[in-house]
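First the structure, then my questions, so here it is.
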Amino acid sequence: MTNTEPTALTAEQTDHADRRQRGTHLPGDGHMWLMVLGDLIIFGGYFIVYMVQRAMAPAAYLQAQQHLSITIGVLNTVVLVTSSWFVAQAVRAAADADYERAVRLIYGGGACGVLFIGVKAYEWTMKITQGYTNSNEFFMFYYMLTGVHMFHVALGVLILGIVVRELRNPRRRRPSMVEQGATYWHMVDLLWLVIFGLLYVMR
Amino acid sequence: MQILAEAEELPKTTNIRTQLVALWIAAVSALILLIAYLAFPGFWPPMSPRLTAEDVAGFYRNHTAWIRFSMVTFNLCGIMLLPLFCVVVVQMKRMATQSQVFAYCYLSAVVSGATLFALADIFFAVAAFRPGRDPDLVMLLNDLGWMVFIAPVGMIVAQNLMLALAVYHDNGPTPVFPRWVGHLSLLTMFAMLPSACAMVMTGGPLAWDGAISFWLRNGAFATFVIVMFFAVRGAVRRQAREEGIAR
Amino acid sequence: MSATVVAASGGEPVGTEPRAPASKRDLWIVFWIFPTFFGLFGVIFVLLARVIPPPRPDVTTDQKVQWFASHATTIQIGFAAVCVVFGGAAIANGYVAYQMKRMTSGPTFAYAYMGAMAVGTLPGLLLVALCFSAATFRPDREPRISAMLYDLGMLSFNGSLGCFATGYLAFAIAILYDKNQIFPKWLAYVSIWQIVTEVIATQMWVSSAGPYAWNGSIAFWLAVIVFGFWLNCQGIFLKFATDRQPAGSRPAD
Amino acid sequence: MTATAAQRPHESRAITYAWAVLCAITIGSWWLSPGHTTHTASPSVAITTAVVLLGFIKGRLVIRYFMAVNTAPRWLKLSTDAWLFALWAAVLAIYVH
């Protein structure tokens, strides 16, 4: 996959590779996983509440759902999944000590993240000008879930920036740091897939 | 206290000077506040919670000018007591044998407490702003003003508890404050504690116009501020002598 | 371990004059105020003041007056007690700020935390006490005024968001830059949840019923669960930080 | 070490396959969604069940391949799977109920 020959691996990197092969490697660190699992549970709570509220007025929700543009939803999902691909490949590149490629890939992932925010902002603007505000219960959930998610995306872009800064400094580059950032970024992707399914697709 | 000539320009001398300036700001403000206090007709005697809405509205209508004068003065000078408490924080941080934890908690409580004090006069002043206002609303503003002024003593309780504990734990050879400052602090705290009942009571000594909630509470606080002025000034002077910048 | 702590932050020599042997009693006294205050806070607000679980926002003026009337006694006892003990909030927050001051991340965010939380006490705690006490103080008060006090109290109590969001942000950033590990890194991440719940709670200002109202499943209950978890973690790690602080040390100026 | 180096192109390919499947499912759900203005959508248990299943699959692909949980300790595999299963099962249960 890579053009350049990997440079010498550090002890940490060979150790990671070894544990990965044995299937006992924790990507990133426990602090980040605690945050991710907790965040998943909290969002799970939001999703369940959404479903319960939806079950009380399914017709009204379905009717409101029809005002969302599925094309924009699909576009944004593909953008975010692609950004995750970039970041996941960056983790592999960093594990191979190919830091230049890792940085380029993370730039790609970050650019997709920014594009996602741009598309989302466009979608919000459209919906608000069309008169779908948070006075409708479905749209209240729409703005809340996508808004909180967008906050996570923005935070993720910041985290990717921190990862790039660390990768560019030879004394600070550590695979576990890249993995932490990547773990967070994929969580953002994962949550979006659920939001996409619940808000845009289900009937 | 005489600042030594050779220490005139040192930063630690400035530290002493600013503390003394802060003390005097507080002292002058306290004097002005006392005048405002004497000028507020609602304190002579303190207004009863049992007044009817008409009586309350009539009171604000009849004494508008004096109420405005005293409340604007409270508004302007009330928080100027804060520098005194900040000098107490500086002195608490000097205490040699402890971790300074009491000083931080004291500062935190002082800031919260000051925001409450800053709120009460606004309610009174707004009640006097439009003499023709609906009496029910004037009474509401009057209730809120009295309650904020008298009842939330929790921050002063926390403050004085921290000060007293700090004084008792300051057991080095040269304590910052004499031990009686701790006793006084606790005594003031207990004197002010019962006025929390003013949130509930409509009559008797614990109501906001009562002997305990009004006279004892405010008397204790005024005495505490006056005595603390001298106690803190003494501490600052000792600091100057210990640091070798004054005789 | 203690060597790194001393070297990095705590170990500024405390005076040169002879003094009593170092003790940590002052730290422990202040630490125990933290759980004591929040325990009292929980008991008072749940059992007496009736603010948690929150009364409904979607009721008529008469129902609000009725609600005040039927809970008047406990509300009055509860909020009179709040007036006595709410200084504990200042001490608890002050102690967190004190421990933050021992971090290697500089004093900025310790002061920011202290300031934000000290300001937050007024809108987030005292105003509801004031409004509900004023409403129960005169049962015969004009019903429209009592109903307004009901809204003012509940919205200030549940809807004062910025002070606390600022405090949590300061707390998180300070932890992330700290090398002394006064608090664990994940507690900083967890503080992000707190900010998110505060952001979501903004919706209680536009929503008078349903999941986003001030008693709603999302704006209130999920937020309270997250807050409870976070507060317990903060308390537990405050204890560990107190355990590890060397006797006789104080934060750098 | 040579053995692990040989693993890497394989891992990298797996990530790309996962990406391709995710994109395909996403684009496929375009036809399922109610968000077309040309017709009026009606509730459909079949479509919702499909959404739930596809959502589960997509989530698992992200967790296993992107988040590299495939090579992670067992507790992490179990807890992420438990979250995924509990979430989608609850969604379906509430919907059907």
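Just so it is clear, A, B, C and D label the chains in written order, and each chain counts residues from 1 on its own.
Throughout what follows, a contact is a pair of C-beta atoms (placed from the backbone, for glycine too) under 8 Å apart; a residue touches a chain by one contact, two chains touch by 3 or more.
Just so you know, these numbers come straight off a predicted model, no measurement behind them.
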Interface with more contacting C-beta pairs, comparing A-D to A-C: A-D
Euclidean distance of C-alpha centroids - chain A vs chain D, Å: 14
Gap in Å, rounded to a whole number, between the CA centres of chain C and chain A: 31
Separation of mean Cα positions, chain B and chain A [Å, integer]: 53
For chain B paired with chain C, centre-to-centre distance based on mean C-alpha positions, whole Å: 24
Numbers and ranges of chain A residues touching at least 2 other chains: 52
Topology of the chain contact graph, where touching chains are joined (line, ring, star, complete, other): line
Touching pairs - complete list by chain label: A-C, A-D, B-C
Complex contact set, residues of chain C against chain A: 184-186, 189-190, 192-193, 196, 199-200, 203, 206-207, 210-212, 217-218, 222, 225-226
Residue ranges of chain C touching chain B (in the complex, touch as defined): 14-15, 17-20, 22, 24-27, 29-30, 76-77, 79-91, 93-95, 97-98, 101, 114-115, 117-119, 121-122, 126, 129-130, 133-134, 137-138, 141-142, 145, 149, 245, 248-251
Interface residues, chain A side, partner chain D - complex: 1, 6, 9, 14, 17-21, 23-27, 33, 37, 40-41, 44, 47-48, 51-52, 54-55, 58-59, 62, 65-71, 73-74, 77-78, 81-82, 84-85, 87-89, 91-92, 95-96, 179, 182-183, 186-187, 189-190, 193-194, 196-198, 200-203
Chain B residues touching chain C - in the complex, by the definition given at the top: 49, 96-102, 104-109, 111-113, 115-116, 119, 136-137, 139-140, 143-144, 147-148, 151-159, 161-162, 165-166, 169, 171-174, 193, 196-197, 199-200, 202
Touch list for chain A against partner chain C, complex: 30-32, 34-35, 38-39, 42, 45-46, 49, 52-53, 134-135, 137, 140, 144, 147-148, 151, 155
